[in-house]
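To keep things simple, chains are lettered A, B, C and D as they appear, and every chain counts its residues starting from 1.
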Amino acid sequence: MPKKLLRVALIGQGFMGRAHSNAYRQAPRFFDLPFEIECRVICGRDAGRLRWTAETWGWKEISTDWEEVASRPDIDLVDIATPNSLHCPIALAAAKAGKMVLCEKPLATSLDDAMRMASAAARTPNMVWFNYRRVPAVAFARQLVESGRLGQIYHYRATYLQEWGPTRPPGNWKLQRAEAGSGVLGDLASHLVDTALWLNGPITSVSALLHTFAPGRDVDDAALFQARFANGSIGTFEATRYATGRRNCNAFEIHGERGMLRFDLEYMNHLEFLDATDPREVRGPRRLLVTDFEHPYAGHFWKPGHLLGYEHTFIAALADFLEAAARGESPQPDFHDGARTQAVLDAAERSAASGTWQEVKAI
Amino acid sequence: MPKKLLRVALIGQGFMGRAHSNAYRQAPRFFDLPFEIECRVICGRDAGRLRWTAETWGWKEISTDWEEVASRPDIDLVDIATPNSLHCPIALAAAKAGKMVLCEKPLATSLDDAMRMASAAARTPNMVWFNYRRVPAVAFARQLVESGRLGQIYHYRATYLQEWGPTRPPGNWKLQRAEAGSGVLGDLASHLVDTALWLNGPITSVSALLHTFAPGRDVDDAALFQARFANGSIGTFEATRYATGRRNCNAFEIHGERGMLRFDLEYMNHLEFLDATDPREVRGPRRLLVTDFEHPYAGHFWKPGHLLGYEHTFIAALADFLEAAARGESPQPDFHDGARTQAVLDAAERSAASGTWQEVKAI
Amino acid sequence: MPKKLLRVALIGQGFMGRAHSNAYRQAPRFFDLPFEIECRVICGRDAGRLRWTAETWGWKEISTDWEEVASRPDIDLVDIATPNSLHCPIALAAAKAGKMVLCEKPLATSLDDAMRMASAAARTPNMVWFNYRRVPAVAFARQLVESGRLGQIYHYRATYLQEWGPTRPPGNWKLQRAEAGSGVLGDLASHLVDTALWLNGPITSVSALLHTFAPGRDVDDAALFQARFANGSIGTFEATRYATGRRNCNAFEIHGERGMLRFDLEYMNHLEFLDATDPREVRGPRRLLVTDFEHPYAGHFWKPGHLLGYEHTFIAALADFLEAAARGESPQPDFHDGARTQAVLDAAERSAASGTWQEVKAI
Amino acid sequence: MPKKLLRVALIGQGFMGRAHSNAYRQAPRFFDLPFEIECRVICGRDAGRLRWTAETWGWKEISTDWEEVASRPDIDLVDIATPNSLHCPIALAAAKAGKMVLCEKPLATSLDDAMRMASAAARTPNMVWFNYRRVPAVAFARQLVESGRLGQIYHYRATYLQEWGPTRPPGNWKLQRAEAGSGVLGDLASHLVDTALWLNGPITSVSALLHTFAPGRDVDDAALFQARFANGSIGTFEATRYATGRRNCNAFEIHGERGMLRFDLEYMNHLEFLDATDPREVRGPRRLLVTDFEHPYAGHFWKPGHLLGYEHTFIAALADFLEAAARGESPQPDFHDGARTQAVLDAAERSAASGTWQEVKAI
């Protein structure tokens, strides 16, 4: 029995467009998908480069008109990989046209937009590309937490450290509020928050500091916040592009009654796990190489001991999405999850502006 | 020419009393001191144990009356290693009697006390035992910062993570506000702040969260705060006794325009240094084994490649103190430095109580 | 101008067949190749599984007759990913038919075979799939050595540690001498030797110990040897499948007059480099994240700080091969390089049998 | 009841003389010893420096005549910390005079000498200062092996890597065969072998390579050997002073049926332990901080999480010696153990000379 065809339109041909294109190409080779994927159209602003991108990645058509693409009848799935400011209008248009919708993170540039998007997309499968949930080590961390291996959580500590802030030219859209909506808050802290909500549950209030080092820049270069979680634990978050010496250190550490977890994206195939129920003399952080058949996702790719990289997170996320979509469902993190993350970022912005603790709006 | 005699009274025979006793015994063997040290009297509450302590460490006399000891004419130096609440009265008495004064950290249980102590001791050599300034790796970090190897500082990040909070019996004085003054704020965060002020200069304001996990406990189990430094950098601090899996992780990481530093007390002989002026392809954190003749303190002890431990920080601190004292001066960190740290803790307490940012009082 | 078509036949559909298939699919997306690749035919023993493999990876045809495939006129490149014992007959047939030839490692099961293969393939582009030469960190190590950053080499130390020896069922062809030719010697030590020859030049003599732990097994479970290199340095090599706790620890460490290098495949995106010309106080192993544009291969894939995995080594190797092949040349490591590695393994076998040092045959 | 007096003569005032002196001073403060130690006389060649050493460390007398000292009636214990070539004559003289004897490693410069020493000292408590047996992490490794946590051993791998070979002036006695007997073989490999025999039992045969890099030097700069152990495991050993970038990397790794251990002296407070009976998904090397009350020796010093250093190994070794000596016994490693290590070094020398495997003489 032939698989049902899934006709995809990808909006965006930058770094993310490339990562998504790769996922469409590779997912069928590592996962038994419920759909046959057709890369129907790729949409972008630069037609010349679009042709090259389409040829390289096998997109059948190109377009420079996202509004037309988002509502084409021959498209089943609209995948948004544009600068942040376009996420909302495209998603709303696609949802209105009844398409499945995938959207890059952060879901939106404001909580209001995020909630409108979540509401609009509620009738059709959707997902936010918080790809790091599909790092096998992170997904395995979630399993350990879920199965109670950490017990009651005390502390959550997360950093996303990059170093390109001082050096990158202002032409980069990520440094323009008009396109990005915010600086590291939406770009990096959103990843931290998404992971934290997944691993440790809702955040109820935050106290934040946003800081811009570069003169004349209208977005935050660094975002720090403390958080109270609904489960009684407390957390610290730090996202910055001024962490000289750290290329892509998206890290978390969790301390619970019964154990500890530590992860760092620069060592993404590893996870540190301490089992506090081990006898004290042999208790120490275990350096797990999360590449076994027993670990999430890893068995779909190569063999135990063979490392995975950045792109595999997108492939696995797409596979999860399609499996859920075939049942008419949305996998985590869907647009509501994306809006929950946005609500924390929103509280952080309010806190930084007021200098006080702010409640996270319940959504 | 014989060295001048320095007659020492040590008040306190707990863990710190032992560490100080060891320093008096060992310092003359590794440093060419300007004084001949006489361990004249050790003072404590438990006379039976005092005898054993005195015999083990070679104290000539014992006493259970610190007030008498602090003003005895045959004492030149009073060393305070008692629970925190006694620091102030003993230091004031000793200073009034014209003694040199050494005091364990935190200097006091309130900023007022700390300032009174700093004022009282101003005429005589004094020092606070923030011993970690004498970890060779930390002292070398200071040299690198001082010599401009990091350039303008962007971020300072410090944690002091311990795990004994859930398990320790309430008899421990560190868990009683009456004796300790505070919980991790004075015990652990004080170390973080002292090191931060030394390496990165004054903190101007903080936003703090204090949290107690254990029911019925009247001191803080965890202290988190964000900080603004006078040099324009921003910082995060976290001290806790609920960090399952971390025994004694007193760590800092500094990101500057020209480099990065990272230190962790659980690996106290090492320092990570990244030189951002290295060509990009060979730029990475260098794992320095800080045991060379070129490094601070290390050459006084064993040979390059031979590790030092906890106790050596006290030995080196004492040697520094005596060298300064011989000139009638106080080495860093003196009681004024101790009060500066106390001012940050004071602002943190005010911030935690009010939920707002608080200025650090200038002293 | 359309690119010249390159029609590929892949013999083998196991783990390596999958890794090669992936390379044919992915290379055009990350490299500007001189050929258009056509995946014409995949050949294997199990026809049922072949159909699934062909469909998954897009091979146009399937075949169970390698002899026919190797000489088909519509094939330009024969890629051998079979058990070791078939490498030689297939390569000879393909070479005789004038095909370009790629062959998995080890090139052969004997030095004689390897030399025949090298000789036969001399007129056509060829390469051995020692894929780890294309780990960016390993390729960058080679650049550092080549540019003199280590100076005169003193020591070379290599291990390939796996742990599946005690547990794997005997049905695995790698545990049968008839198919594998040897145990870890050909499977793991061959990688070590290939890398060593590339980084440190010819090995002149070895003293080896081969050991089988499993009762009744007819291949070596562990291979240890000491080596003398032509450049005056000395080396130790250890390959084993009984290294409990190590999944895939293919590691080397090199000590030279001016620096040190250390690599471990379980952390394949990192390389440790120590520059011994740094001032002593700031001299330490630098932990490089080898994902920058300045590093080999990395710039073709994602962005700095985004990790690569196992499969990217095959993609990059294929790209290198095709670039050379377009000029009628063979890239490193060609079959002659493969035979040089085989000569070291041959000396190791002779040494283990005789209990004496053995010269490596010059080829 | 007063403790029995133990009157000590220390022969040697170099680096080891200092480490031993410190042990005599510090052991009574951390251990409840069965003797009262009297530092009676220190003996050396340089009288001027002797006076300073004696004053610094509290030796009552000085002497430049070891023969007289070794037989003085008012001496109970002779401690030998001289260059290697004097170990044998001094030990024989002291044993003949009925003294307890402590001797620095390696026990002797030849197997014959070592056996004569072991025989002569048999009637009186003795010990070789292989101090690294008293690193808490190493002693704990022994406990884990003894209790079967590793099961049957497959592999033992040890390195002792230093880097001062190229730079040290020839005046150093360690570089003179007449005084040292050998180069790294006696200096560094002896440590490796002593630890290996303790952790993994007897070595039955070895195949060795000795190499001298420095022109004109008459001792080995590097020593490599493979070994077969009586328990069926196989091992590799490498000791060198030409390992650029490694200051004092005395490391071992053991792979057994049920677990793995890894230790490195540059991180001497840590031990890596993998329990292969853990479920596969949470199996990884545990980084133990070996500073707990449950660990050997650690509880005698500071608190959990407070690091120990080089000197503590001597203090603990002395405490063990005195405890055994009070019962008229010798602790491990006694002179017979020292001779067993010498037998392995002897076989290594014969193997390096002959180019063949050599049996280790049973003693």
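By definition in this document, a contact is a pair of C-beta atoms (placed from the backbone, for glycine too) under 8 Å apart; a residue touches a chain by one contact, two chains touch by 3 or more.
Note that the structure is a prediction, hence the values are computed from the model and not measured.
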| item | value |
| --- | --- |
| Topological distance between subunit A and subunit C, in contact steps | 1 |
| Type of subunit C:subunit D copy interface by residue overlap (half), same or different | same |
| Centroid-based (C-alpha) most distant chain relative to subunit C | B |
| Subunit C and subunit D, separation of their C-alpha mean positions in angstrom | 42 |
| Intercentroid distance (Cα basis), subunit D paired with subunit A, Å | 54 |
| Residues of subunit B whose C-beta touches two or more other chains | 274, 283, 285, 289 |
| Subunit C residues within the subunit D interface of the complex | 154-155, 157, 159, 161, 163, 166, 207, 209, 211, 213, 222, 224-226, 228, 234, 236, 238, 240, 242-246, 255-260, 274, 276, 283, 285, 355-357 |
| Parts of subunit D lying in touch with subunit A, wherever the complex brings them together | 140, 144, 273-275, 278-289, 292, 294-295 |
| Touch list for subunit B against partner subunit D, complex | 15, 19, 22, 25-26, 28-29, 56-57, 162, 247-248, 265-269, 289, 291, 301-312 |
